[in-house]
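For reference, the structure discussed in these notes is given below.
Chain IDs A, B, C, D, E and F follow the sequence of writing; residue 1 opens each chain.
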Amino acid sequence: MQTLFIENEIKYIGSQLAPHWIYKNYKLLGDAIVSFIGEVEVKLDEMVDIEDVINNEPIYSKKMVNFIIEQFNVTLEEMVCVQRLLISIIKDIIEDMTNKKIKRSGDDLFFENRKLSVSIATQSITSCLVHTALNIIKDGAPVSASDLSEIGILDIKAFANRVMSEFKKEIEDIKSATYKVRGVTE
Amino acid sequence: MQTLFIENEIKYIGSQLAPHWIYKNYKLLGDAIVSFIGEVEVKLDEMVDIEDVINNEPIYSKKMVNFIIEQFNVTLEEMVCVQRLLISIIKDIIEDMTNKKIKRSGDDLFFENRKLSVSIATQSITSCLVHTALNIIKDGAPVSASDLSEIGILDIKAFANRVMSEFKKEIEDIKSATYKVRGVTE
Amino acid sequence: MQTLFIENEIKYIGSQLAPHWIYKNYKLLGDAIVSFIGEVEVKLDEMVDIEDVINNEPIYSKKMVNFIIEQFNVTLEEMVCVQRLLISIIKDIIEDMTNKKIKRSGDDLFFENRKLSVSIATQSITSCLVHTALNIIKDGAPVSASDLSEIGILDIKAFANRVMSEFKKEIEDIKSATYKVRGVTE
Amino acid sequence: MQTLFIENEIKYIGSQLAPHWIYKNYKLLGDAIVSFIGEVEVKLDEMVDIEDVINNEPIYSKKMVNFIIEQFNVTLEEMVCVQRLLISIIKDIIEDMTNKKIKRSGDDLFFENRKLSVSIATQSITSCLVHTALNIIKDGAPVSASDLSEIGILDIKAFANRVMSEFKKEIEDIKSATYKVRGVTE
Amino acid sequence: MQTLFIENEIKYIGSQLAPHWIYKNYKLLGDAIVSFIGEVEVKLDEMVDIEDVINNEPIYSKKMVNFIIEQFNVTLEEMVCVQRLLISIIKDIIEDMTNKKIKRSGDDLFFENRKLSVSIATQSITSCLVHTALNIIKDGAPVSASDLSEIGILDIKAFANRVMSEFKKEIEDIKSATYKVRGVTE
Amino acid sequence: MQTLFIENEIKYIGSQLAPHWIYKNYKLLGDAIVSFIGEVEVKLDEMVDIEDVINNEPIYSKKMVNFIIEQFNVTLEEMVCVQRLLISIIKDIIEDMTNKKIKRSGDDLFFENRKLSVSIATQSITSCLVHTALNIIKDGAPVSASDLSEIGILDIKAFANRVMSEFKKEIEDIKSATYKVRGVTE
């Protein structure tokens, strides 16, 4: 699991949630998580969450910190579990850095009942992918929202690097856990 | 995902982490999580964690609240992810019930740097299994330990039922998340 | 496994054999079987059966009862087995309702050596899919055909609902059968 | 898929439902179905169906025609589907040979509401296995039973060979069906 | 595993590395390897090797002997192993026919440090695919190259048929090897 | 993929081909290949190759260089491919070190038509395993045999380390190859 914080801002429009986007653009081959800051605007025809399409809920936020993960040799069901572990790690880091209380519900994070994040996991022919993003500035977000500024996370790069570092540790630890146990029988 | 709190106390000795133990004893067929209270004593020859066997670290605790999960049609790697989501859910519930700060590190929980829990995930020919237990009374535990009593969780059955209820919700939500996304291509 | 009989007629042109067609149109999330009545016209460029494309055999029938299944977390080989169980269930129901003799050969049904049905199973990135349809009125079908009218099935909706109900029971029973057996060793 | 009718009688006691039993005893390497005639007595500690163990229902029949299948590279869920297709094929052959009406319910066959068969599918580390058997003479069977004699199947070897031949054709046809379809996308 | 040497020359442009290309054009249904002679020109937008796209390295060779494999029910990781076994078989055959020394490095073959071959393995929704080709005449190849002419392989059809025959034997032997071993336990 | 040459001699009796034997004894957690020198005596009841058991062919050799591989998250079919790549790598290294001609046939190596090696691949509940060994001194081997001494490989440790080093490179290169290709469609 490789990690990279991308220094330049990128507008996330959904098309980046594609196999090998990380490899093609940042030369990281294999399992990786990258992070970048940027405006987020996902129109209905780029959305992978069909529930949002049905409900006619495009995504917009003026400035978010984005995470994109690509993993090979996992099923979509495992990737959704991995996504929720990432969300849980993000929650723990925000709480640790700010002493504020964050609530996780599935793949969503809330501060004072206002939504802080968006997230989706999906599958390609050769890999699985996750996009997760948290509002930095909530202006323009279409739902009642919170953001990292009001919670007190100001150094976004340091925050993103800590998230990626703890996520990488978790994934490697999960793999180790599968190597060290004997199988059981009836 | 079925749930059951078993009213009578059971001494956990490791042999219960076996395929169909839940079905044979409690008639729950298929994916299930059960919970019970009891002394925990896992000797080296019943341990599935080979790391603990190598380090000669048997498990003992006078009174723990135990959770056993059996899931079918999952890989061990996914089951370890599921285990960590369970641990994360337990952490969030303890914090919500007590306003104390709990730390998760992989599959371990800590209160004030003292260990609160044990956990392991493993595989059989037909399923995957998890055992997780938290000290209720720490007397007799071999490492510097904490327990639910000192943190302020006194109604263990209510606590266990809330854990199982939120875990069930998480698992069902994960499955739903795999049904609602379109695949992506390059 | 959810079931739905769709009241309005739909012309089946092949494009409906697509991932999430059921979810997008009928809000059934996850494994599901739906049925509807309608004209069937699958041109060569919409066919998924390459054998038919090679043999230049487009499909046409004036009025058929259609079944579409989508299942997640199955391989294509398992989905073909499931397809044949569906065909077998349909045969048994027609025989039970009419006392006529139907012959199943692979995924085809015959009455008096005349073909009654079409069927195909295929795969998407995230799921497997089956389309099965039986002639209600055989006029216009390009091969020597039979239909449900001449066999004596007149209440198509009742017939379709019974098919879906027994199919759902079979699928759930299959899953149960995988939960109740101990693995065996040499 | 290889087939073999074993001429000498064998008492089936459950231990034959083991990986490589066919290969070790009859030199058929790989996917195979074999058939033999013999008394059937499966005591509780040899049963793989835990439901029967819980219900304290050992199996006994004085004379049955037995089928054992071993397949590699299939999941247990697919193997249960394959088992039910075998049961469906057996039903169709009996009906075709006798003009009597047989009822299939899951993996059971009935004649005039009396049970004709037993069947189970299970898994080993390297393969999946099925045992299916039909009463030839019902004397001594513990439940209200039917048998092939009263239905009019007298040449058991010819019957068994036809079952195996049609089963082999079905399995090979299923594999072909997975090779000839293009994948579909949203 | 079916084999076919295609007599007429075909210009390979990358588009042939597609699911069912063999079946649609040569009626071989299921696992197959085919071989043909022809010019090779793969432009960047037809390449499946993203590394070559990043490095801006299109493929050109005036005359190559091409092999295309399609296998069902394998993972991409297994298909890459199969690809390397094919390369290893080709090396052994060239050495055996010519007494010249060939070097294999991953999926590349070299004669006197000059590159003799190109190869790639990839995945579709329903299968995995390999393309491997060796220079017959090196004129026009963009890298420092060798070819079969200078090594002394002149009867390309005989060579290709021997490669396919030994590859087929290897694949069938691999499958047999999975059928004949008992699983092991701790 | 970790590698280790074990300095002390070990008599290989078959029981070492077990899950976690490497981890328990040499603390290498996860995918690994180890090598050691020692007498080899595998009696019939320790053999995993049922073909050898049927043919009553126990294995004996006075002194062999042994390789044991354990890999997680692979199927047995892939592990057999990996085994054959290892055999191919060993062949290439012997030829490169000695200028003698070695023949590979499946998982066997021959020098002047005399057998040089034994090898088997198998599966446990949690992993796949390979044992491969080459005669150092052929005295006492039950079949017409060759050995590394007569071929001219005298520094066994250097040889074993080169085998493990090139095998590790091959496995890591295979994984990379799965990360760098786009999927293809019809």
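Rule of thumb we're sticking to: contacts are C-beta pairs under 8 Å (C-beta built on N, C-alpha and C of every residue); 3 or more make two chains touch, one makes a residue touch a chain.
For clarity, every value in this text was computed on a predicted model and none was experimentally measured.
Treat touching chains as neighbours: how many steps, at the fewest, connect subunit D to subunit F?
Step count on the best path from subunit D to subunit F: 1.
Just grab the chain with the largest centre-to-centre distance to subunit D, centres being mean Cα coordinates.
Looking at centroid distances, A is the chain farthest away.
Copies subunit A and subunit E touch; is their interface built from the same residue numbers (over half shared) or different ones?
different
Indicate the whole-number Å distance between the mean C-alpha point of subunit A and the mean C-alpha point of subunit F.
42
Starting from the mean Cα coordinates of subunit A and subunit B, work out the distance between those two points in Å.
Computed value for the inter-centroid distance: 26 Å.
Mind checking the centre-to-centre distance between subunit B and subunit E? Centres are C-alpha means, answer in whole Å.
Spacing between the chain centres: roughly 49 Å.
What positions in subunit D touch 2 or more of the other chains?
Only 19-20, 23, 29, 50-51, 73, 75-77, 122-126, 175, 178, 180-186 qualify.
Which two-chain combinations qualify as touching?
Result for touching pairs of chains: A-B, A-C, A-E, A-F, B-C, B-D, B-F, C-D, C-E, D-E, D-F, E-F.
Inside the complex, what are the residues of subunit D that reach subunit C?
By the definition above, subunit D touches subunit C via 17-20, 48-51, 74-78, 80-85, 88, 92, 104, 106-107, 120-125, 129, 170, 173-175, 177-178, 180-186.
Contact residues on subunit E for subunit C in the complex?
Residues 20, 23-24, 27, 29, 73, 125-126, 182-183, 185 of subunit E touch subunit C in their complex.
Sort out for me which residues of subunit C touch subunit E in the complex.
Residues 50-51, 53-54, 75-77, 122-125, 185-186 of subunit C touch subunit E in their complex.
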